[in-house]
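Just so it is clear, A, B, C and D label the chains in written order, and each chain counts residues from 1 on its own.
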Amino acid sequence: MIARAREPLIFEHSRPGRAARAQWPAASAEDERSAEHIPPALLRRRPAALPELSELDVVRHYTRLSQLNFSIDTHFYPLGSCTMKYNPKACNAAALLPEFLARHPLSPPELSQGFLACVYELQEMLKAITGMRGVALSPLAGAHGEFAGVAMIRAYHRSRGDPTRNEILVPQAAHGTNPATATMCGCVAREIPVDADGDVDLSALRAALGPRTAGIMLTNPSTLGVFERRIEEVARLVHAAGGLLYYDGANLNAILGKVRPGDMGFDVMHVNLHKTFSTPHGGGGPGAGPVGVAQRLLPFLPLPIVGRDGGPASAEGGGESESDDRGESDDRGEGQSVRYRWLDERDLPQSIGRLAGFGGNAGVLLRAYVYLRLLGREGLQRVAEFATLNANYLSARLQQVGYDAAYPRRRASHEFILTLRRQAQELGVTAMDVAKRLLDLGFHAPTTYFPLLISECLLIEPTETESKETLDAFVTAMTRILQEAREDPERLQRAPYTLPVRRLDDVHAARELDLAYRERRPQESSDAAAS
Amino acid sequence: MPFIPHTADDVRDMLATLGAPDIEALFEEIPPHLRVQELDAIGRGLSEFEVMQLMRARARADGTPLCFLGAGAYEHHIPAAVWSTITRGEFYSAYTPYQAEASQGTLQTIYEFQSMMASLTGMEVSNASLYDGASALAEACLMAVRANRRARGTHIRIARSVHPHYRQVALTTAAGQGLTFEELPFDRASGRTLLPDGAGGTRDAGSAHGAGDISAVVIQQPNFFGVLEDVDAVTDWAHASGALLVAVVNPISLGVLKPPGEWGAAGADIVVGEGQPLGCPLSSGGPYFGFMTTRLQHVRQMPGRIVGRTVDLEGRPGFTLTLQAREQHIRRARATSNICTNQGLLMMAGTVYLALMGAQGLERVAQISRARTAQLVRALTAIPGVRRAFSAPLFHEAALMLDRPVAAVLRALAARGIVGGLDLSTLYPQLGAALLICATETKTSQDIRRYAAALDEVLRAPPAAGDAP
Amino acid sequence: MIARAREPLIFEHSRPGRAARAQWPAASAEDERSAEHIPPALLRRRPAALPELSELDVVRHYTRLSQLNFSIDTHFYPLGSCTMKYNPKACNAAALLPEFLARHPLSPPELSQGFLACVYELQEMLKAITGMRGVALSPLAGAHGEFAGVAMIRAYHRSRGDPTRNEILVPQAAHGTNPATATMCGCVAREIPVDADGDVDLSALRAALGPRTAGIMLTNPSTLGVFERRIEEVARLVHAAGGLLYYDGANLNAILGKVRPGDMGFDVMHVNLHKTFSTPHGGGGPGAGPVGVAQRLLPFLPLPIVGRDGGPASAEGGGESESDDRGESDDRGEGQSVRYRWLDERDLPQSIGRLAGFGGNAGVLLRAYVYLRLLGREGLQRVAEFATLNANYLSARLQQVGYDAAYPRRRASHEFILTLRRQAQELGVTAMDVAKRLLDLGFHAPTTYFPLLISECLLIEPTETESKETLDAFVTAMTRILQEAREDPERLQRAPYTLPVRRLDDVHAARELDLAYRERRPQESSDAAAS
Amino acid sequence: MPFIPHTADDVRDMLATLGAPDIEALFEEIPPHLRVQELDAIGRGLSEFEVMQLMRARARADGTPLCFLGAGAYEHHIPAAVWSTITRGEFYSAYTPYQAEASQGTLQTIYEFQSMMASLTGMEVSNASLYDGASALAEACLMAVRANRRARGTHIRIARSVHPHYRQVALTTAAGQGLTFEELPFDRASGRTLLPDGAGGTRDAGSAHGAGDISAVVIQQPNFFGVLEDVDAVTDWAHASGALLVAVVNPISLGVLKPPGEWGAAGADIVVGEGQPLGCPLSSGGPYFGFMTTRLQHVRQMPGRIVGRTVDLEGRPGFTLTLQAREQHIRRARATSNICTNQGLLMMAGTVYLALMGAQGLERVAQISRARTAQLVRALTAIPGVRRAFSAPLFHEAALMLDRPVAAVLRALAARGIVGGLDLSTLYPQLGAALLICATETKTSQDIRRYAAALDEVLRAPPAAGDAP
């Protein structure tokens, strides 16, 4: 369900002199007198062109805009690689407790023990889940974690007097952030092909490995929706060549509590907390991309990390006593003494350094912590089990009704790929057409054209929180689309029909750049924008 | 099963469709010896009630102290309408707007955000957010090197009065690509950045880099000490050196201060900053959002998502992600950045905040914050042993000198429920016993009196042994 | 903007064995042992037919359902007599502070001073606004306040040894709650006609008054959208006949800070806090209907009331010192001593008694308190001014485009009436048709067929929070409708077209009663339902 | 102007349209001498920030004590999904669904609520909420008199173990229509209601009313003391007396207890109760919601809104308010009640709560609440000077006898941050030093130990002079 009408720009609602005045701070008489003089040359001459609105204008505008979106709370959203599952509302409720929200990031540790305890325990739980020896929570998204990881790989080689290793191998199907990260870290990304069943081509891997190899970035299950079966062989080869293995944690949902990157031989990884551990994606974030490392990379972890004074550092985490589990031992303000504190340069002199202004996206970390406490050990494993069950079931059903799986001989992991290659050739209907038509039928589209390796592909990730009925309804819609593709392909090619806009012209968008509102828009051509 | 809807019947039917005996069979491709043996560190699952009890207790343990700490994160009033609006499920639980037709709400909001930020900073284009202010500066440095075709090198001059964490993040981030950084010192008396002698083009004393080598100059306004820099002079010097000028700004300050687009003769080239003051709670350090604006000519070097207005099949306007050829999912290894997920929801908070405040509201927030800081400085410097560290005009932060080490003073204040500021000696040892304080419009005169009384009490006690600054 | 698709019943989403298990409380080992035995005869034999759902099912279902509604946050909602204005979000935020929500209604006064201070000050402010001498906040909606008021009138007469007065006069145009209240209180409602300009017919009033007159219920401005100009004469006549005057506060928004019921001669009144003082209406409530009384009715006020020990009882309220205004004096937990407490039977032995389980709809009271503090004295007056300006402007514009005002010679108050009498006769188009067509055009309909007195009427209340652009857009829509009425009346008669359902059959609803879901619905006829 | 969008231009243009010189002119019909002279009691308008500061301080002043008080309002866990859903603007800021086509969200939710409540109580139809439990009982009494065509009078027999406030509200409300009430006493040992001797039809000793005079009998299950009544016997006695049986129930208890529709041979006739335990916070006393269900044969006597499923022009199902001829806006003086605005939003909270818990979840809440109360009773009665007041089985409340006046004990507990229960002596003086306590699933064993320790401490102090019970 989605609203059909369109909504003017906020600037079009604006009227000179209108204002939400209750939001303006009240000045005291003292205020008028007190501020220091600012040199006139430093002052703003014209006010910014912000809209002038009543509070109702603003609320109504953004409420109406919201209704133009698909979302998890309203739609099935099987966007492959993005793990768009239901995020329990309790995670938000806990992260939004007033004291957490009011806490300044540089608050003294005496006034931060409650918060730091959560963060510390999250570090410990992530270690247990990933099989890593150390975890740093500060990276602010998956790609940020990747950066930290590759930077640590480089720091490691450099620390061993091996600074020329600057090649990062990535499988053909890797997410774009993997090669982009390699470049950002000053490395060279080198692509490795996969074989017909989606596994890494080992001979190509062997050929690529060498004295310049810094490491390899893999996600397993891969973005092809299959588990890399020879992962141990891959690890052996890369390690033998002197490289390290980076695990892209975007697909962790598939293996939670089933198999651990650390046990597969990975040296470093990130976790997309916002995917696997329940932060609503917010239309583009926030996320959090904690990094985990094996023993040899511990000294290089980014700053800051929460440390604990006293007691064995890794003996707890989520596995507390029953009474702490019930939240009771904390309840009475026990422990005003400082147990937890941020570790910094002085504690970790070899750290790659700081990646963010403060200690990480605390709100996301708290959500992940709450989610993990809600799930517990068994719940964690169920996530992987039912995500996998749903993907395999949906894949089987869609193949039954006439779609082609990219890897029909493989078990799907938490996601799988359909290819519309045949339909594109025979009927002139593309994966994009199917995607747009799905929107009309009330489903968010799967990921399209990723991985690029598979032509006309749809990457479908149903997640564990969707019911069989929803999957069956999706199959019904896909069946109808296939029928339309045969009977009336143009109907698909011109979809969607029922959304607030018809299909949008991306080429026009890039040619006639219109990136900001101006009341009277001068003619701009794409030339002006070319740098 | 919490958060899993499958009934026993569902599981049976689904497995039958798959011809699999049980769910475990679906994991058969994983080498059995790799399977997880134990997960003892993870406890049993709690009920929602138990979790909320635990979290409420943890939150209560930290309380809500009276906070005079800024240093890059600022407590401003957040209109109730901001979060009640953006936490609507359709915004909150949507992904990045890849399917434009099903994401017009998010896309139009981003377009509005871009428009507001461009105007606020005096630039032409904005992206849809970066991780935070610090990482935005790092991206700006990388971008400047790409965009500055005139400069020969990959060298950045950065004012020492830029937030120390930002400088560290820039270093961590840009080191891999071989960027080098050199600091511009600040004047110990005024707190303002000192330009090299002979600023204007010749190789300056003590630097290994000549004018033509410098890709960018980075200056923060107001600087880390709250001091207002002479941004016009810095901008002109940067441009004369063939460098791009990267401005780090507090968006609230732009309600009053000259936008970077108007700095000096030609204006800044890239503007970045921390968006948190615009409607985002302090939230223990995040999520916040970084913003970046620039001139149209540099847009193709900009990292991050950008939304454009376009037309649909029927010629009606709509919004879509554009210039994606800069991004990792298209350009892969040659992308402008690896950034993918950014800080969408917080960017929305900023948008709704700016829409509610308007230019005039923003100006008031800025002015009253300045006034409260001035009152705070007056109240605290009236206490014996406390004086201002710098003479130049301030925005809403100030560095003070104490007569003893700051750390112990802050601990004593914390015991009184006051977060008294930042111990500058950890970041700028050369400053000695310096304390960075901040007041915004959320600090009333009574709050200020309470702080002054507490500090007075703390400083009346004789310094502990070895406590001389 | 509104979603178009329909949503199955929650029961249709249900599957046996599904559950939102994180919401179930966790039992301890001790729990298993401890509960006392319940005699088997008292136990439930079959579980209730509640749906079985995952948390996602529930969230998605009700989120989708919400999108089927019009609301203030999304639409102009000029529902006459209902004051559908923007309710500042801060009112909700403050009322939902965790401590207020967690407070038990019977908490001891030592732990209630913060809450009671708000309630006490609200009582004082309402006195000032209404010109009444005493206020009780416990009635839970307007009609509940009416009940309290008429019960006090009866108690007053009885206390004077005049128990036979049981006639309550109501003008023809009175809201249905007025006569219904009279009946509920054991009185007889007697209707008084109004004259051609909407004022009470004084000669009819004179004729109706007598020794049985208990009182008269009026709202002023009346539900005809005009100010009763001879209110003082009405008061004189009623008082002379031994009756009392009841003021129906539903229209208080029109006169806030301009004129006070107490000064007009009213003896008792209620205030619809949820209309005038900013509680979102919640699809049918909650409300709050505080009653105010003049001196002679003070002893009869319903219980409980918040009293203050020490200090003159009425010397403050909203008019505190500057520092209290800023919320500062309270800030440091000053005054743990008990100043405020609930007054009960012992304090008010003549009270009509208790009307609600506890002290009233506290959440609504807190919202009203916050709203009043936000508005302040000037803001209060501006409400009346701009509500009146908007109504008069909209009335004038609609008359310009061809609609007939019911009282064209009168100033509108905060609302006004159009009559479609002419269009009904000439074009066969009714007020209901216009209302339904407005929905298609993105506006909630005005109140229809109330007051019944005016045939084919629309009662339109734009409120002060709507902008001129919105009013102008409404005029444009109404103009289009008038044109459609002339050119294609059937188009109106079959409206709406763009909502989740087409026009609904109310007759069918009442005949074939279907009031609750049953999985297999047995044939029911309306006969079975006739009592 | 806060919350008013008009610009100066708007005002000018609008006045020009009206031909009015200024806004004041629009009030010209109000006699000038009636115009308000002063409003000094109302202060200046505050900013949102100032108001929130004030309210946060007021809220903090009351804190969040540990609460063992029930007495009609119960602290249960409220799933976060309840309020995040129902506070969506489209629900929150909509009016009563008069325009059905534009209100299908609210209407369908009400229909679902009606269905759930009918099933939960074992009845056929439900309304869309009444103000609260107490006023629902008052309405039920009036309704019973209308519905009971067999009874000659307007007389109600009400158990003394019904919530005293409910009895008071029934009295206040029904007095005007001449209803008379007579109480059924309870057994001092068991806490259960005593039926008159010869229950079954003959005029009972001490009552002025014979069987055929009684319109209704009111019984509460569990009763005000938490005691389980013998509802089958009471129901059968009521019916034998020609009376309707009005049941007052706690909806949570119906997860475990027999629904009123199955009481006795024929079941209750009208069921009412307080909906607050279903997803509504204690909230200082409201808003809560009253519910009422009945048999189909009485539906036309029921007060309040009722939603029915119907069809639209095209024959597709939809929802609308129905049987409006019972209501004040149609039937005016002859309506079943004057109720108009009810407790829509809270009814929605109840609906979402029930949807989330399901029958099994509700049963667990009920069972664990019972278990915790039993633990509490055990812990407290282990303290010297504390014993149970009644012997009959309990639900989740209990009356205890103390060895000294309860008021002082409660004050001492309050000073320790504990709301220790209700002093029954104010409502039932005959009981002496009796304390009503309650525990739900939100009270952990540690909470219970904390209460017991505090009570032990308080009772160890010798009773103050004149404190003997």
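Assorted remarks:
FYI, a residue touches a chain if its C-beta (ideal position, glycine included) is under 8 Å from a C-beta of that chain, and two chains touch if they have at least 3 such contacts.
All of these numbers come straight from a predicted model, not from anything done at the bench.
Counting C-beta pairs in contact across C-D and across A-D shows that the higher total falls to C-D. Farthest chain from subunit B (centres taken as the mean of C-alpha atoms): D. Centre-to-centre separation between subunit B and subunit D, using Cα means, comes to 49 Å. Between subunit C and subunit D the centroid-to-centroid distance comes to 19 Å (mean Cα coordinates, whole Å). A separation of 46 Å divides the Cα centre of subunit A from that of subunit D. Counting partners per residue, subunit B has 1-6, 10, 45-50, 52-53, 77, 79-81, 84, 87-89, 441, 444 as the residues that reach two or more other chains. Each of residues 2, 7, 15, 18, 20-25, 53-57, 59, 63, 67-68, 72-74, 86, 88-90, 92-93, 98, 326, 328, 331, 374, 465-467 in subunit A touches at least two other chains. On subunit D, the positions that touch subunit B within their shared complex are 47-49, 52-53, 77, 79-80, 84, 87-89, 441-442, 444. Residues of subunit C that touch subunit B in their complex: 15-18, 20-26, 53-57, 59, 63, 88-90, 92-93, 323, 326, 328, 331-332.
Across the complex, subunit C is touched by residues 1-5, 7, 13, 15, 18, 22, 54-57, 59-60, 63-64, 67-68, 72-74, 86, 88-90, 98, 374, 442, 465-467, 469, 498 of subunit A.
Every residue of subunit D that touches subunit A in the complex is listed here, in rising order: 1-10, 45-50, 79-81, 84, 89-90, 444, 446.
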